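The next part holds the structures, each set out as structure tokens.
Common to both upcoming complexes is subunit A, partnered first by subunit B, then by subunit C.
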Partner chain A sequence: MKLLTHNMLTSHVKGVTKGYPLLIKATEVKVNEVEFNPEFVSRMIPKLEWSALVQAAEGLGHLHELPAELTPDYEKNEEFLKKAHRVLLEVEVIEGCLQCPESGREFPISRGIPNMLLNEDEV
Partner chain B sequence: DGAVTLGPQTEAIITVTIGATVPTGFEHTAADEVKEKIGVEARISRDRGRIYFQITTDQLFQVHLLRSVDNLFVVVDEYEHYQFKDTKEETLLDLQQLASKLPWTNALEVWKLNNSLKKKRSRRKGGNGTKVKPDSEAMDAGMAEAEQQQPPQPLSSESQAKEESTPELETIAQEPEESAPEAKLIKFRVTCSRAGDKHSFSSNEAARDFGGAVQEFFQWKADMTKFDIEVLLNIHNQEVVIGIALTEESLHRRTITHFGPTTLRSTLCYGMLRLCKPQASDIILDPMCGTGAIPLEGALEFHNSFYIAGDNNDMAVSRTLNNICHIQKRREDKGSVPGLRIDTVQWDLCHLPVRTSSVDIIVTDMPFGKRMGSKKKNWDLYPSCLREMARVCRPGSGKAVLLTQDKKCFSKALSRMGGLWRKLHTVWVNVGGLHAAVYLLKRTGAMFGQTPEDVHEPQGMANTPEDEK
Partner chain C sequence: MAAPSSRTCLQYLLHLAQDNLDFRLPSPFWCLDGLSEEDVRTVMARSVCAKSAFELWGHGRTHSELRTSLLKYPSENMTPFMQRDSTYRINVYTFNKTLEFADRIKRIDAMEYLPFEGTVSLKSPQHIFCLLEDYGTDPNNIPEHPSYVYFGRWIADGQRELIRSHSVKNRHFIGNTSMDAGLSFIMANHAKVKENDLVFDPFVGTGSLLVACSHFGAYVCGTDIDYNTIHGKGRSSRKNQKWRGPDENIRANLRQYGTQRSYLDVMVSDASKPVWRDTVLFDAIITDPPYGIRESTRRTGSHKDITKPPDDFCGESHVPVSMAYHLSDIFTDLLNFSAHHLVKGGRLVYWLPVYRPEYCEEMIPLHPSLRMISNCEQTLSSHTSRRLITMEKIKEPEESDALAHLSDPRFSPYQGHNAFREKYFSGLNKKLGKDDSMDKVNGEGQEG
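Here is the complex of A and B:
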């Protein structure tokens, strides 16, 4: 699971109103190379919840000086874009789980795939 | 002149007409791709599923990189209004005589050039790879069991075309054409496809008689299975096209190695993706991804977007992952940066664990009543699907491209969603013999939770609408 994906995911357990962001508990993390495209990164940033991304990266020990706040003109800052690229696309959680911040319900991650299926009573 | 010499390739660049078969309904998107990548206008034939365009022979390798085409052939000659004779005997005799009058030379040159392109591709792989066996569209759910035991199979040689394109360019320019053995006996067969109700003959008869004359003329040997040259005789009402095949088997099994019961061929996936015009950094979901054919095609061909492939089924997500890993390993082996902009999640598409209004495009193959699921299930499923997809899709700019065979059910479900979805375009397609449709939808500007559809319970759903997360 890439952190870009994590940024999109939310808990949908019945009754939960604050299901985002999911907490990551990782037992295995890998870094895989993805080709850098500055336009992709800069156009993606407005679609993200930036603080959730920073929090997730920090929790995995992969923050590497990614700033907690976005600076103006980030689109032109290649150093910054490269760091964002790495955190968004290259850091992958292979084993672990995602935890709903409100209900505590855990969703397992196996082979990099989070299993978000709910039981009938949770829907 | 009927002699075919197998000497060194001529240096001259010639202009020929190429014919391509494409998934029916996607002729225009294929023509678009030809315009974009080859730079020429393609003509859409009255014979559905075929387009024609002119190239110079130095463009042949580029033609093999097209993602919307299933099969390619070089046109020997074409007649828009062929004058068939009155009786069967006269007509067949006429076809026989035609064989010796056709301008074979250029087409055969292209066939030779094409062979040398193919040889170089398979030599790079270290000999011919084993061909992928499963006929993806013929599979039904009952074969899923057999599927599980099947070990991953290497892709056929055609599938390497895209990845090897850049290195191939250099190879062709520098390597001299290998000299073929003298007087090698050429084996051929004729394939005739005939459509129209005014013909006095059958396709078999035409193939037999035309083929006999071709054999006589060239002194080739007829062989139905191990042929070097496949001559195509396409008769569609009064339109007659004679061609020579440039592809051995459909290009469409390029991407997927781990098949599922309803894996879509990649030309169809490509056509669907091209319809929605993915932009840089678009977030694209396939909430019923099966083996991941659509998002994987997207991650390769429209690679500036981000794809999330999801399914509720264990085998489906596992196969999707295996398919992704296979492609990434192949890229790594070739020295490319392996990582693709794609991820896999296991989820229930009626309860997507995805933030509201966060997705730009949804592309998916919706379960067919006959191939998967059931008609009754679709009545419940389609409205729930459309609502949930509307929730996650970005209002105003979001789009959906949905393939379904159950057009009645889909139209009904869609008609109750006018506040959320607007139908832009429908493409009528043929998937494994079933008549299906691809709907291109635009997400309206209305925020989810505020249209009348959201207030009333949609048909089949027991829950009340969720609060916006």
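Here is the complex of A and C:
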């Protein structure tokens, strides 16, 4: 699971109102090389909750000098975009789980794939 | 400087492939004007339905009319491509007829009234011209003479090669319901997928639609309720293979075509219970929801009429007890989800199964935030078809919209436990006799 995806996920456990962001408990993290595309990174930034991204990256120990606040004029700042690219697309949680911050319910991640299914009694 | 207006009044001819006939006008030849050459090239860079595009110089019902038409075509529009130091060749294309080599040559020679000054080069000419003859659409009744002839300068070919290069036959990872390459690209085109778009498929299966979207430079993600399919496990859909291999998953498919940078994530998730934060917006949502025939429709939750839990080859229960996901709910949820999670102007493209004897346009699901763009039928059998529905988000949804469909009679054809599935099988029963129909059900539910 990439941090770009994590930034867009929320807990949908019944009754939960503060299900974002999900806490990441990782037992295996990989950093893969992904082709850098500044236009795409730039397009995704407005869709993100920046503080949640920083928090998640820090929690994994993969902050990689990502600034705590968005740089103004980031679209043209290649240095910044490269750092964002690394954290958003290259860091991947392979094994672990996502935890709902309100209910504590855990969603397992295996082989890089989160399982977000709830049980019958949780829907 | 020559008057530009004469060039902007040019006509173009598209030669369309003879498949997916339900999706277009009957003739394979389509004359267009009001476009620029750049427009035509843009279209041809995406289309998998168009074989070739030409700058139309002349046309008529007979070769004599064609000649008249060509002699009227402004010579200043011809001469840039007829220069003495240039090379060219003339192709002859006959639709619905095979021509002997000698007859081809005769036709090419007959074009000598045009002011060709350059040299013929068959191998790599700078300019290619084409004489196209239309012999109608009845292969059992081929006329002596064409009903229509065209002559033009070749501009570009379409992307039909993608149908071969991305054929599901050669793909690493497939499933029972993997969408064929041609249709996947058509869907990506309907959704206007472009480079750097964010695209989502809520019933992703083996990712065929994502493969097509990644080809056009989009970044893709998907969810599916079936754990085994998402993880690339379980029984193979290939004839001579029992189990799937280790490199069979959606990511591997993108890697096969060199678009692995496009892969974001796939997740095991129930499309009826979306996992995205409210403000998440996709540029396009492209999907082929289950029809309840080859793959069962499922969702999590307990209910009186629980369907049999899927066989899980490793013995653990990855999927909570499922209940039938009524077809009408699938589309309600899909339209509602799209209204909330598409960018304004973004598109939803999906297949809607149809029981033909009862079909009417009013039964296509609607949503106040989405505008219907197109509705193209693909016939599956005498009594069933599916329709490729394209919708575009025109405004933000309001709270009241979510319940708007409940009073709408249009949803009744899909209500009731898998109503479409019942009609599909009852149709088969009538046709084949009850015993035979059980054989046709082979493979249903196999994917979980």
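Everything that follows uses one rule, which is that the second predicted complex is superposed on the first by the 123 of 123 C-alpha atoms of A that agree within 3 Å, B and C clash if a C-alpha of one lies under 4 Å from a C-alpha of the other, contacts with A are read in each partner's own complex, and residues count from 1 in each chain.
Throughout what follows, a residue touches a chain if its C-beta (ideal position, glycine included) is under 8 Å from a C-beta of that chain, and two chains touch if they have at least 3 such contacts.
Everything quoted here is computed from the prediction, not taken from an experiment.
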Fit or clash - subunit C, subunit B, common subunit A: clash
Subunit B versus subunit C as contact partner of A:Glu90, first or second or both or neither: first
Which of subunit B and subunit C A:Glu120 touches, first, second, both or neither: second
Partner chain in contact with A:Val29 - subunit B first, subunit C second, else both or neither: neither
First (subunit B), second (subunit C), both or neither touched by A:Leu66: neither
Touched partner set for A:Tyr20, first subunit B, second subunit C, both or neither: both
First (subunit B), second (subunit C), both or neither touched by A:Leu4: both
Touched partner set for A:Phe40, first subunit B, second subunit C, both or neither: both
Where subunit A meets both subunit C and subunit B, residue numbers: 1-2, 4-5, 8-10, 12, 20, 34-35, 37, 39-40, 43-44, 47, 89, 111-118, 123
Of subunit C, residues touching subunit A in the complex: 195-196, 198, 219, 221, 223, 225, 227, 230-231, 260-261, 264-270, 273-281, 300-302, 318-321
Subunit C contact footprint on subunit A (complex, rising order): 1-2, 4-5, 8-10, 12, 20, 34-35, 37, 39-40, 43-44, 47, 49, 89, 110-121, 123
Complex interface listing, subunit B residues touching subunit A: 280-281, 283, 304, 306, 308, 312, 317-318, 321, 328, 337-341, 343-348, 351-355, 358-359, 463, 466-467, 469
List of subunit A residues in touch with subunit B within their complex: 1-2, 4-5, 8-12, 17, 19-20, 32-35, 37, 39-41, 43-44, 47, 89-90, 107, 111-118, 123
